[in-house]
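As written, the chain order gives the labels A, B, C and D, with residue 1 at the start of each chain.
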Amino acid sequence: MQLGMIGLGRMGANIVRRIVKDGHTAVGYSRHEDQIKEFTDELGDSFQGATDYPAFVALLEKPRVIWVMIPAGATGAVIDRIAELLEPGDIIIDGGNSRYHEDIERAKALAPKGIHYLDIGTSGGVWGLDRGYCLMIGGEAEQVAHLEPLFQSIAPGVDAAERTPGRTGEPSPAEQGYLHCGPAGAGHFVKMVHNGIEYGAMAAYAEGLNILHKANIGKELDDAHSAEVSPLENPEYYQFDIDVPEVTEVWRRGSVVASWLLDLTAAALHADPDLTSFGGRVSDSGEGRWTIHAAIDEGVPAPVLSTALYERFSSRGEALYADKVLSAMRKAFGGHNELPGT
Amino acid sequence: MQLGMIGLGRMGANIVRRIVKDGHTAVGYSRHEDQIKEFTDELGDSFQGATDYPAFVALLEKPRVIWVMIPAGATGAVIDRIAELLEPGDIIIDGGNSRYHEDIERAKALAPKGIHYLDIGTSGGVWGLDRGYCLMIGGEAEQVAHLEPLFQSIAPGVDAAERTPGRTGEPSPAEQGYLHCGPAGAGHFVKMVHNGIEYGAMAAYAEGLNILHKANIGKELDDAHSAEVSPLENPEYYQFDIDVPEVTEVWRRGSVVASWLLDLTAAALHADPDLTSFGGRVSDSGEGRWTIHAAIDEGVPAPVLSTALYERFSSRGEALYADKVLSAMRKAFGGHNELPGT
Amino acid sequence: MQLGMIGLGRMGANIVRRIVKDGHTAVGYSRHEDQIKEFTDELGDSFQGATDYPAFVALLEKPRVIWVMIPAGATGAVIDRIAELLEPGDIIIDGGNSRYHEDIERAKALAPKGIHYLDIGTSGGVWGLDRGYCLMIGGEAEQVAHLEPLFQSIAPGVDAAERTPGRTGEPSPAEQGYLHCGPAGAGHFVKMVHNGIEYGAMAAYAEGLNILHKANIGKELDDAHSAEVSPLENPEYYQFDIDVPEVTEVWRRGSVVASWLLDLTAAALHADPDLTSFGGRVSDSGEGRWTIHAAIDEGVPAPVLSTALYERFSSRGEALYADKVLSAMRKAFGGHNELPGT
Amino acid sequence: MQLGMIGLGRMGANIVRRIVKDGHTAVGYSRHEDQIKEFTDELGDSFQGATDYPAFVALLEKPRVIWVMIPAGATGAVIDRIAELLEPGDIIIDGGNSRYHEDIERAKALAPKGIHYLDIGTSGGVWGLDRGYCLMIGGEAEQVAHLEPLFQSIAPGVDAAERTPGRTGEPSPAEQGYLHCGPAGAGHFVKMVHNGIEYGAMAAYAEGLNILHKANIGKELDDAHSAEVSPLENPEYYQFDIDVPEVTEVWRRGSVVASWLLDLTAAALHADPDLTSFGGRVSDSGEGRWTIHAAIDEGVPAPVLSTALYERFSSRGEALYADKVLSAMRKAFGGHNELPGT
């Protein structure tokens, strides 16, 4: 099959590479002539490129299949522009990180023109070229079925993991790494929750490793104890110098917390055992936030996922005013002065 | 009645002042001759002082009543020392912030000598001299009854708040501001939970005020948005310059969140509207921690109280290693670089 | 002054009563002839009523002041309807619990017609008639100033609480119990956060009292301990039968956690010491949810407020599916069977 | 090498099977003659058994190596008993789930007798026979080194996972699945935190799947909306019927949240898509609780891990009293009645 790709950044480029490797062809759009040339050099006949939308659209076979893989903030405008050039039966895919609300609106807006719209949540990060991408797809069943050959090339395939006990016969799409999750928006909805879970799982590891990291706190001289500070009651229980990088390594085999995130953590800690290359200001993107919005709209408790998000906010200093309020209260009722900073 | 007081710091001194004002007498112990003199000057015949324990004990009428009001870390040794000088029927009170476990052990250790032990959780902070102290008492009923005249002088009295609807006739001890909570340890147990609640309530205000404080975030220029940062979706909803000090003032009257903590917060914000005198490193003392220990031992969920405690830990930088782990993970799976610090 | 009131439910009716008591007059709208008659009987000449909007509007002096005090879901339609009958210079007040987003939209929609719009968050619950209502006001300064005589009658007044140290001279509006918080939406924004704080503070008490309530868990026979259940390590520390109603009473005087919420809790526990009239399914309304939305939009950590909200969701069984997933996981990796239910 | 095993339950039995398969021999203790016979039949000459301790000890070559694999509550007494029969140089291993505090005490108590003590946290659950067990080891370096041949047979081995980038040459012990974490207690300390992380990660999945499960909430008729209940603002965004079992399957390949826990969850949901075999009462064992104790002692924030633990408490109804308090408060300030139960 042929796929049109708008956005030849890391993710878009690697998706193109995966399908071309599997015998499909690709048409790429980029404003930069150079970038087009690079891809043509790399991929040969399997790739054509264009630096303006009409030329790009003209290179596509009908029904056209256009995957938009650009930052969420810019996606809407690009889809609006490209839709003007399309015909009934064509398919637009948003493979980025749009909020699923927008997918629902966009599908509705494109339907009268006969243009189909799929939202595909894509997980795999910088590793997707080799491992394949996990695809969570929203849209109409007919178009999803039509594009399965592409999805099979982009997704990891059934061999990427042992089959789940009880699953036999022809592997289902989910087993191959792509899933039609429901109508427009369902793909990004599932991807959103995926990222919410990711935040929670990451925080679980991070908190636990912090506890290991501080397991030697009983060795510190405790000269400073006063009415203001609670002295450690049992310093003899906190005398461990735990080698956190080695612990993450040992957990990779046989333990209940083995995971791909742990694999990555072990690699990061092997490369930089004291994490000196990091300052501890943790970013967050929309999905973690939207997951909490959804939980609250649904009336479903999500304290772990929320707390994980808030820890990121706090890592960036966003609790400071609240902390000052607490210190002001303590001063007011108890005459407590703040401890000097470190 | 006569009360012996070991520890003439702010709390101990003010308890002495309250009972003397009500016609009782006090004997104070201090290592510092000067401090004794000060009190004698201030309180006249109602106060006697001593700078060693035997002299202190000799000044007390039998059965002796000795209130120990010193930092928790030092309490045990002082009680051991003083107990050697006492006789059956005498009463030791720990009015400080001991862990209630210790009360249980101490009462057990003193019982064979016929010495009675009361643990009294004392709330009121720097305001207790005027407002009276809320007393949460653990120990034997007979001794609690014997000391009621003192408790009535130390506690705020029924007039300190409107009577609870349905409570009529002779005010109960709880209505006067002191309560026999149960056997040894019960007083400090109730005080411990009191402080746990205090942490949670303080955090509720602090978080809420932080949300008000940032209500103008939509006014900030959002040049920096990229794939790494989620842009604010609706900046038009965050254009408010809320006067936080005035908000805390207006809530003091008629609102559901009116409280003494809010009164103090309003006062602190009136005096220092931008909280410039605080750095935001919030201390915690044992009670907040022990409350969580108790919740977990009991199998009772306490996520609000725990989270409030953890916010204090975080305010002191104790999440840093965990945050670095998160940044390392993000770099590893997504190639995300940390945002530059502020 | 004269005030028009749409919605003569508990809140609307009591606001009318408060202003009439202070010498103002009121015009009420109700679909029910009977309700109008009741108010006329009670309030005499100070009250006029109408059962249709045109008649209601006709009874109002210009510039008309119309307070809408109805459930949030119905407010928009009523304001649209009433706005058709108004003239430039008239003022509409939404005193209910609308989301502040709607205030911003409404003020914008009404502005071209010259109709002014105020959003007033109103706290005080069933007690407002006697205590007065705390008013958090959004809108244009000129209209807020114009209506101050009404606000002064509705709000509690400066005498409702001791003045904050440092505040002297003529009491500010905040000290009287009403505050102009900012432009349209600011009133409901502040009220929203107020309720968010309320949830957090309530949860702090509820969690703490639960810990007191279970303080006797060490008395239970522990026959059931097995590899599946962690036995209590120190049953001797959990032998207390705490009288929770009395504890809430004693905390009302002199303690750091004294508050109006505590006053109410003490009253509720005095009336029903075992809370037998409650099943434990806790409702939530929009404000608690919107507070979290705002915190996340602002990037401000609010774990205590969020957790408090989630506890309410959980109290209504909304964690059930998640809990089943946990049990399924435990079964899968450890062969653990669920404990039998109670 | 030869290993003595006390406790032939699932874990102990499978450890025996793994070492025998690798050419080691085992001596088992069981009170039940039948159980011994079963193992002798299964394992032939490689296994000897005894039904009393002296006979068991007599079968062991010196220095004896005795692994105790029984419920934590019983471990202490068994170790005390067995230690009486041992000689200097012998080694006792606690492979169960003891609190690490006890390890520190036990090692200290056994040292004067010249008996060595290792604490080994063992992860792998019911899957360990095939996958191998992850071993976290505390104790003296010499004994750990001596026992490496056994650890290599019990642990999964380096091939159980791809090697971490940057790790080359002879695989380290951690890469083979066992790690000497530090002196006595360090093994159980690391295992404790491992389980704490496990709770957090499990909760992350469970909360996320709950959000997916409720994604169709907008389809419900919303007849019940009133002032007491917040109606769903955007029902059009919650119209998805997500196939949760298929989602867990698709995430297994290529996604960031792929993990062994997810593998098991996918299997459990494939076998029982509606989780009808579970009631949702989630057990917890000591490690999750002790992890929080450690975090608090260290002053390290662990809100995700704590919240995960509390969700389990709540799943067993332990929030009920707190929830009733909340309902009582709502009734008191707002006159709100509880919603009827389901």
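Basically, a residue touches a chain if its C-beta (ideal position, glycine included) is under 8 Å from a C-beta of that chain, and two chains touch if they have at least 3 such contacts.
These numbers come from a predicted model, not from an experiment.
Asker: Going by the touch criterion at the top, tell me which pair is linked by more C-beta contacts: A-D or A-B.
Answerer: A-D
Asker: Taking each chain's centre as the mean of its CA atoms, which one is farthest from the centre of chain C?
Answerer: Of all the other chains, the one whose centre lies farthest from chain C is D.
Asker: Would you kindly tell me how far, in whole Å, the mean C-alpha position of chain D lies from that of chain A?
Answerer: 28
Asker: When the C-alpha atoms of chain B and chain D are each averaged to a single point, how far apart are the two points in Å?
Answerer: About 38 Å separates the centre of chain B from that of chain D.
Asker: Round to the nearest whole Å and give the separation of the Cα centres of chain A and chain B.
Answerer: Distance between chain centres, rounded to whole Å: 44 Å.
Asker: Which chain B residues touch at least two other chains?
Answerer: Each of 125, 203, 205, 207, 209-210, 214, 233, 256, 260-261, 267, 284, 289, 297, 299-303, 307, 310-311, 314, 316, 318-319, 322, 333 in chain B touches at least two other chains.
Asker: Hey, which residues of chain C end up touching chain A in the complex?
Answerer: Where chain C meets chain A, its residues are 256, 284, 289, 292-293, 296-297, 299-303, 306-307, 309-311, 313-314, 316, 318-319, 322, 333.
Asker: What residues on chain B touch chain A, complex-wise?
Answerer: Answer in residue numbers: 10, 71-73, 99, 125-127, 202-203, 205-207, 209-210, 213-214, 225-231, 233, 260-261, 264-265, 267-269, 272, 275, 278-286, 289, 303, 307, 311-312, 314-336, 338-339, 341-342.
Asker: For the complex, give me every residue of chain A touching chain D.
Answerer: Within the complex, chain A contacts chain D at residues 100-101, 104, 123-125, 128, 131-136, 155-158, 160-162, 164-167, 172-179, 181-183, 185-186, 189-190, 193-201, 203-205, 207-212, 214-215, 217, 232-234, 236-243, 246-247, 249-263, 266-267, 270-271, 291, 294-295, 297-305, 307-308, 310-311.
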